[in-house]
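Common to both upcoming complexes is chain A, partnered first by chain B, then by chain C.
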Partner chain A sequence: MKTNRENFLHLVWKARAAYFFLLPLLFGIVVFKLKPLVEGVRLSFFEANIKEQVFVGFGNYIKMWGDPLFWRAMGNTMFYVIVMVPLILLVPLLIALVSTKTSRTTQSFFRAAFYLPVVSAGIVMSMVWMWIFQSSYGVANYFLSLVGMDPVLWLATSSGSRLAVCIVQLTWSLGIPLILYLSALAAIPKVVYEAAAIDGAGPFSRFFKITLPLIMPTVVYLLIMETIGRFQTFSAILLMTAGGPAYSTTSIVHRLYQVGFVSYRFGEASAYGTLLLVITFIVAFFQFRYLNKKLEF
Partner chain B sequence: MSKIFFVLGLVFISVLAVAFLFPSYWVFLGSLMTGITHMKIPPQFWPRSPSLKSYATILSQGNFPRWVLNTMVVTICSTALSVSVACLSGYAFAKKEFPLKNLIFWSAMATMMIPFYVTLIPLFLTMKNLGLYNTYPGIFLPSLATAGGMFLARQYISTLPSELIDSAKIDGASELQVFFYIIAPICKPLIGALCIFSFVGSFRDYLWPLVMTSTEKTRTLAVAVTTLSARPGGLQDIGVAMAGAALVMIPIYIIFFSFQKYFVSGITLGGIKG
Partner chain C sequence: MKKILAVLLVLGLLAGAASVAAADDRVTVSFWSGSLSVDYQKEALAIFTQLHPEIKVENEFVPMGNVADKVTLAAAAEALPNVLLGYAGRSIAFYFQDLTEPLEATLTQEEIDNFIPGILDIYTVDGTLTSYPVYQNVIGYAVNKTLLEEAGCLELLPENREITLDTWTQIAEKTSVLPGVYPAHLIAKGKGGDYYILQYFQMFGANQFEGRDYTQTTLNSDAGVKALEWMIDMADKGWCPPGPAGLDSTDYAKWLYTGKLVFMGCEPSMTTNFTRTEYFNQGFADRIYELCATQTPHVEGVPIPGLFPSPTNVVVFKGENDPAKKEAAITLAKFFLTQDFSDWATETMQTLPTQRDVSSGMELEPAFQFTLKLLAEVGMADLGMASPYYLEVRLARFPELQAAFMGIKTPREALDDFAKIVADMWR
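Here is the complex of A and B:
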């Protein structure tokens, strides 16, 4: 036993240079990720403002549970997840499948077109969307009128603003899945398709029997990351709708922000944060478990 | 049959691509219009009498130089920090063997799954307690925790031949000399990609600088332009708001179009969000 430990310490000492190289990263992760994480869970059991903290047990959670705004935020967030995740998985796949059949230049045009909104600052883009969605002189309603549709009161009604949040959020959510799909598709060897063509497989059976199984790891990765990500829908809400009208677009993270940085009730806001953490864990756990099983045919 | 589907698909994604590019164009168009031209129906799709008045309004704000300075300081510091931390740790994980390596690596990777919003309030309180509220380090120090950058660096450095390191060691190079004279010079593409990601990420960052700053002393450009003419749920002067947006977007677009290749390789290598 003793020799084992000595051996271990000897190995550690021998590799001291490696630990030295890791030190800044580990310091950063501990101080700016792990400590705040633990602290956030702890705070959720306290009534806290900038000056003082009082232990209240599950008080914040009970308060959150009884708050109608919490349930609004939960409902809206579920709506965002259910509407956006399938679109974020499917539309980039369609774009990738079509654009790989075009020339290299066209392909890079599509990649750039869908990636540009990703690099554009979300908050800055939401300013232009406020103008586009303006109900009387916004260009969105002008386009609708061109195809003979009635104007939509985008940011003034609950259904309109919820739709607006989804549209705006989607504009900067397709670029990364597209790039990942394109590289996954490019990795499939051409001979596989040639062999299938000789066997007389049509385009649909080629897609479902060859392409889809081969890009499945990318699909699974995106499903996990995007589900977790859409539970955190926030940046399209913060400035464009501010959660309104009448809290119809507020989300879990938007409530966290409002309770924390507008009302300065840090304990209650941390309860929202802890809930988000739990949701993230559950989503990751179930999707990893369930999908891993399904992947091993 | 499949030809028809291809053509339909191509039409669909072309329309979608134009729709996705449209808001960016609308920002620049709006920034060149003044007064009530923003509210004309039918809208002007081309600036008939372009004017730089909205830009002049923002540039003549007494605090504009300060915002630019703040943004430069924060962006450069956070890029320098996160890129060097990513390269140092990526090198250790790629080329060194040490006890608990896998445990430390996967723990670091797992922290990427932690939602930023969970740590927002405690991080804010920590900074406040350390006296870093409304200071530059308060804004840029959290970029030390760059597990994504580390992963990208590890992926890149592990493709380099280990013989380079071995032969340098035989020649008597120290650990630091190996890193700075052997590894760093051949990592230029990696460092370039990391710099671009980090620079763009920090330049346009909004929420953290927003809660971390209270005065013009440290306010960054992205935070300043949104508070200038936009209130939650509405815009005051559309021209000024669009010019502000354009001032944030122009540097980003210049970087994006000059280094598009890096963005693509960065995402496919590390799955980092840009």
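Here is the complex of A and C:
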């Protein structure tokens, strides 16, 4: 009788052609993802600059724990996750639901319009948004003035700059969820809705009893990916607010960047990275574990 | 037949490669620059190649904002270039990472004496010359005379252009009534341009460091607190664009080039360009304004503040074991100190020279004349570039100032917290 290991090896051998073609990708993953990840975790136990590494055990973690800026960055990151993830899940869903009722041309317009920021360079987008949010000559305050509101110091106050970062991130993040929602909605057979309509189901019960359960795999996928993505919030902060004013927008990854690439404390920066890895892994694991049970495929 | 053809092909390729290698027996050095544009790099290196045909330079343009990241990664991969031309504040940080060659032994006494007095000291740490200062901008001060004329207060501007705080305040009051015009600017977002804020501290006699002691800042002195209180008051009066905590040098440039600022921290090249007709024709300025370089204002009794350097330096990276290559790298680095390069650079990029025998090419321009004269009188202010924590100090200062501008902290609290952060860096 064959052991499990022999069975596994037999299966691999049988599918050797497929594995052969997967090799380049696996090589890329190992070299560009796995090795840096392992190296990052290792480095977090060293006091390291460009040239030297000295083993310090959990010294970097203890230092990080005692740094008030770490807690500030952690609080801001949690804010981005809690505020942004529901928005990024809900807003594209609403747009997708509305646009499925429209013509194909309109749907294409929606897809293109919301996907455009995804393919645009982050630095260009940030520059444009910085002009929009400029307190003296920005478009945002111009529109507010049209409805009689006072100008807002968007990037000069804690609340204003946080709101600005969230708005910018939202515009960057709508494209992919929208495309995925539209695909998921298109995959639901029309007969299911027709049968429900005959049974007297209204639009709300059709949405909650048919649409939502059938697009749930997409929602869960987006929930996990967006949660991971928001934990990694960085570029909008770096380009628009530099973490300010008074650290009000700095995130864990932004802090990691400053510690690593401004102060050259690579060990401490790796500790930030490792902690982030652990947090995102735990959150994603529980999200998947809990929600996976409720999925209908 | 096929085999014979294949062998011939391989032999042909090898012969070709060998002949190319034999023809090019020049020493190759790699050069990165984030300070010269691609075209300027080509122009500068064309001059170098004419002078040193035995050295081949492989040059790469590195956008200024990416220099630090790229050098860091290259150092980790042991793939540093031989020579880097870039912002001096960054260059010294590379020295503290033990990445750069000491350069003091590469200069003759004659060459050392040829530098503008004191300039090498800025880039010397514990007797080690970390880089060659190649050319520099200096941050001075300027006033928009056109706006003073419009406000009818041109006579308030002293002939010798020494501006006390009283004079500054009188002019600010008069010009603040002009529509859309701000008497001054205040930017504290944290993306450079910090010398503009440090100038305000200088006005009150507060310096970031005193006597080249970088282990503690003196910005939290009584004069410093007074200066910050004055800045907040200026913002409250609406004498500068609103929300300094969220404004950076991009915003500053917008106001400067549209003639919305009366007083401003300014490089002489900016002052010169601003008054040139072609600058208006290029669409930068909405009309032709007359900008005039002045001394940095100061409270009566406080010495006239020194000027802040904004230098471009050249470093030679460690790690080259081939002596011929190392020598070629030094030759390339020293080329940036030669008359041939400096003449070209100071004129092309409208900068000031760092050596006595180099003419600026801009010396006939009034703003340059004034700045050079002022520089000789008051010298350079110490930004603290020779501190190993120079970049971290810059980074830590902005949030504290922002907290003060936003009213989260009092000026005293903000500056004391900043002083504590600076002191902690050395623990």
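Note that the second predicted complex is superposed on the first by the 272 of 297 C-alpha atoms of A that agree within 3 Å, B and C clash if a C-alpha of one lies under 4 Å from a C-alpha of the other, contacts with A are read in each partner's own complex, and residues count from 1 in each chain.
By definition in this document, contacts are C-beta pairs under 8 Å (C-beta built on N, C-alpha and C of every residue); 3 or more make two chains touch, one makes a residue touch a chain.
Predicted model only: the values in this text are computed from it and were never measured.
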Do chain B and chain C fit side by side on chain A in the superposed arrangement, or is it a clash? clash
Counting only touches as set out at the top, which of chain B and chain C does A:109 meet: first, second, both, neither? first
Return first, second, both or neither, reflecting whether A:137 touches chain B, chain C, both chains, or no partner chain. both
Per the contact definition in the header, classify A:35: touching chain B only (first), chain C only (second), both, or neither. first
Among the partners chain B and chain C, which is in contact with a greater number of residues of chain A? B
Would you check which partner chain A:43 touches, where first means chain B only, second means chain C only, and both and neither mean what they say? first
One more residue to check, A:56. First (chain B), second (chain C), both or neither? neither
So, A:83: does it touch chain B (first), chain C (second), both, or neither? neither
Kindly classify A:258 by the partners it touches after superposition: chain B alone (first), chain C alone (second), both, or neither? second
Would you sort A:155 into first (chain B), second (chain C), both or neither based on which partner it touches? both
Per the contact definition in the header, classify A:244: touching chain B only (first), chain C only (second), both, or neither. both
Common ground on chain A, meaning residues reached by chain C in one complex and by chain B in the other: 50, 130, 136-137, 155, 241-242, 244, 261
Can you name the residues of chain B that touch chain A in the complex? 1-2, 5-6, 9-10, 12-13, 16-18, 20-21, 23-24, 26-27, 30, 38-43, 84-86, 88-89, 91-93, 96-99, 101, 104, 108, 111, 113-115, 117-126, 128, 141-147, 150, 175, 179, 200, 204, 206-207, 211, 222, 225-226, 230, 232-235, 238, 241-242, 244-245, 248-249, 252-253, 256-257, 260, 263-264, 267-268, 271, 273-274
Within their complex, chain A touches chain C through residues 49-51, 130, 134-137, 151, 153-158, 160-161, 241-247, 258, 261-264
Would you tell me which residues of chain A are touching chain B in their complex? 8, 11-12, 15, 17-22, 24-29, 31-37, 39-40, 43, 50, 91, 94-95, 97-99, 101-102, 108-125, 127-132, 136-137, 139, 142, 155, 171, 174-176, 179-180, 183, 202-203, 221, 225, 228, 232, 234-235, 238-242, 244, 253, 256-257, 260-261, 266, 269-270, 273-274, 276-277, 280, 284
Contacting residues of chain C [partner chain A, same complex]: 68-69, 72, 75-76, 93, 97-99, 188-191, 241-247, 250-251, 254, 391-392, 395, 398-400, 402-403, 405-406, 408
